[in-house]
């Protein structure tokens, strides 16, 4: 006997049954859980970012300020030999300002006055004279930068003696805190009160310029060739795989490459922005190639067809149609690449951009350093005064990064609007 | 022939052809009944033929409507288009055939005589039969989409034309010899003419069937003179 | 060519194709097609999907060159010159044999620039004033001038679908072609835009040799004077349009146009 055959018809679905309702409720519940998890991830990332910014700001903002001591200088009575009418740099250099400053400080602040002011405080007097040579005929009050110990004590991190001195000065009414303009205009130095990031900043700028000028054209040209012209053979596959892998190589390897080729083989000047730029260009180029290829692939073939159909040559199609439409994507890749290059320390250390550079680089072949390396070097320093300078330098680096990104995003949006 | 991808199109064509077949059948019956009524002097049968003609007219209207619908909705091409246009034309011709049969039936009460005294009347049933067969074959050709059968029908029209010429001469001679029967003979002349016209219309149907099937029109055929000059 | 084709062959064809075969790698897409195109008759290519009508159309302006695996055999001539000969400049060929595509594809530039691009790269304009004349003439011939004359510097992509397609036709016209190939130009358009383009084709007839590929048989019946039916890479039947649609000779043609195909 055969069993009854299974019913040919299924019953229509009952959407209102309890089992169905429970299933639907479970689906919505898992939906909510997923959303909550996503939100949690976002909040966590935001929290980390906020922590970074707050600590950086907290530590670094003080680096932009310095303690100053107001000192009254009686120029006519001082042993300075300067003619107000002939204030040249040479005359200033030979006038014996440093000794005179020390004398003035002792007179105004007491026997240890010279210790209270910064070793380079005479520069403040020199700048005051340069600004207004007529003060040589009178007495003026000039704010001199305080020594590191006083500066630290004023910011709450000093030794007990220094703090006592600070109290004394405060009561005398001569202590003040001002904006540390030298931080932004001077280069590396030994004294934390007088160091600045301008040298490193200029070094970063020059290095970035070299990187951009090398990696952008080469990267874009490579991407164009690989997408538009290269026949699809096995060796183009190998090239593609190699470039993809290059983008993931640790940056220090590029440093070794730069060391062995640019410095040892080609004997280019060590620690120069040129070499740094070339090394970083090697690192940035694969990123641009990958982003460029994707952007070019994303250009709709209908545009190419339209251009070809009207009788444009392949080169015209690429440069007048494909490239402008791919430019936003290429710029995005460039932004990513350059941002990474800006923050690189390891490869630049390998090629020697770690020396103590006291003057900003004049051109791409002068010895230079870059912001991340400068930060690294300062963080290694023993003197406590460098702590806040390090954090301040990090803030400058972040601002530089933001500015660069902002510029690139503006450019990308501008191109996107024009071409769509 | 393969079926249309859209089944409704095939169904509409089938409906169309069915209606035409029905109409043709009714027209053939009308011709036959009219001739029988004429022979037997059966006025009731004659009256029925007249009444049935309304149904033929109704089918024509229905077919016209259906044809317009098919053209608008299906955009028929090639042989489908020729079929549909032919159907439209055939239906109006068959309606005329029905009208002629009705006309013959209408004259039955006015021919009060029996065939024994009216020799010419005896020719008419055979003539009517030939014409009836032509209609039958033409409609068969339509149903089968058969151009050869259609061609045969066209050729047979000369038979009906010859019949008509001979009936005409006989009736005229009879009228001259029996002036009292002039009025009945006049009616009989009309009946003969109607049958001859039925033959012509059956030929028209056949020509349209030929065009629908092959896409070619038949060359103009030589029409026999229906009046020879008196010697 | 068949006897009927020879009988219909124009005395002065603009483009001729003889025994054209197209291969994509090992697969043969077009199997020995011969056809003539002339100035006075719009030619329509019809046939089911995948029958090769678009592929064949693209051989006429060497657009198949862009496909790496495509190989074309046979002879195609334009005014008697073999277009696949090494001496033929592809860039110039594509200016003389223009193409309009299925999906309107204006450049992402202004309306003016869309039209001006072709003449500019081929050096057809003597100066700005001359270019203005070319742009106006092309837009007028494409039936678009009245609608866009006040906004020539708006983006071409901001127009409606039908206007974009007319812009593309205007763009093709701007380089003074001799032949215009249209690959299903109306498939993406609504009926009114379609009707405008069909009317435009009617106006362009005689000035340019036009070949149109279409899925829509009613459209082929409306716009063309010669129709070629393609099936599985072969040219099954070619003839006067009204004959093809009222009394085709080949069974395959008849099945396709009456909807008995597949």
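By letter and in written order, the chains are A, B and C; residue numbering begins at 1 in each of them.
We adopt the following convention: a residue touches a chain if its C-beta (ideal position, glycine included) is under 8 Å from a C-beta of that chain, and two chains touch if they have at least 3 such contacts.
This is a predicted model, so every value here is computed, not measured.
Weigh A-C against B-C on C-beta contact pairs and write down the one with more.
Pair with the higher count of C-beta contacts: A-C.
Going by C-alpha centroids, which chain is farthest from subunit A? Tell me that one.
Of all chains, B has its centre farthest from that of subunit A.
So which chain ends up in the middle if you average the CA atoms?
C
Between subunit A and subunit B, what is the separation of their C-alpha centroids in Å?
103
Taking each chain's centre as the mean of its CA atoms, how far is subunit A from subunit C in angstrom?
57
So how far apart, in whole Å, are subunit B and subunit C when each is placed at the average of its C-alpha atoms?
Taking the average C-alpha coordinate of subunit B and of subunit C, the gap between them is 52 Å.
By residue number and range, which residues of subunit B touch two or more other chains?
Residues of subunit B touching two or more partner chains: there are none.
Of all residues in subunit B, which touch subunit C in the complex?
Interface residues on subunit B, with respect to subunit C: 1-6, 9, 75-82, 215.
Along subunit C, where are the residues that touch subunit B in the complex?
On the subunit C side, the touching residues are 217-218, 245-248, 254-255, 257-262.
State the interface residues of subunit A toward subunit C in the complex, per the touch definition above.
Touch list, subunit A to subunit C: 231-232, 300, 302-313, 316, 320-321, 325, 419-420.
In their complex, what parts of subunit C are in touch with subunit A?
61, 63, 66, 68, 91-95, 98-99, 101, 103, 105-108, 117-118, 121-122, 155, 157, 168, 171-172, 175
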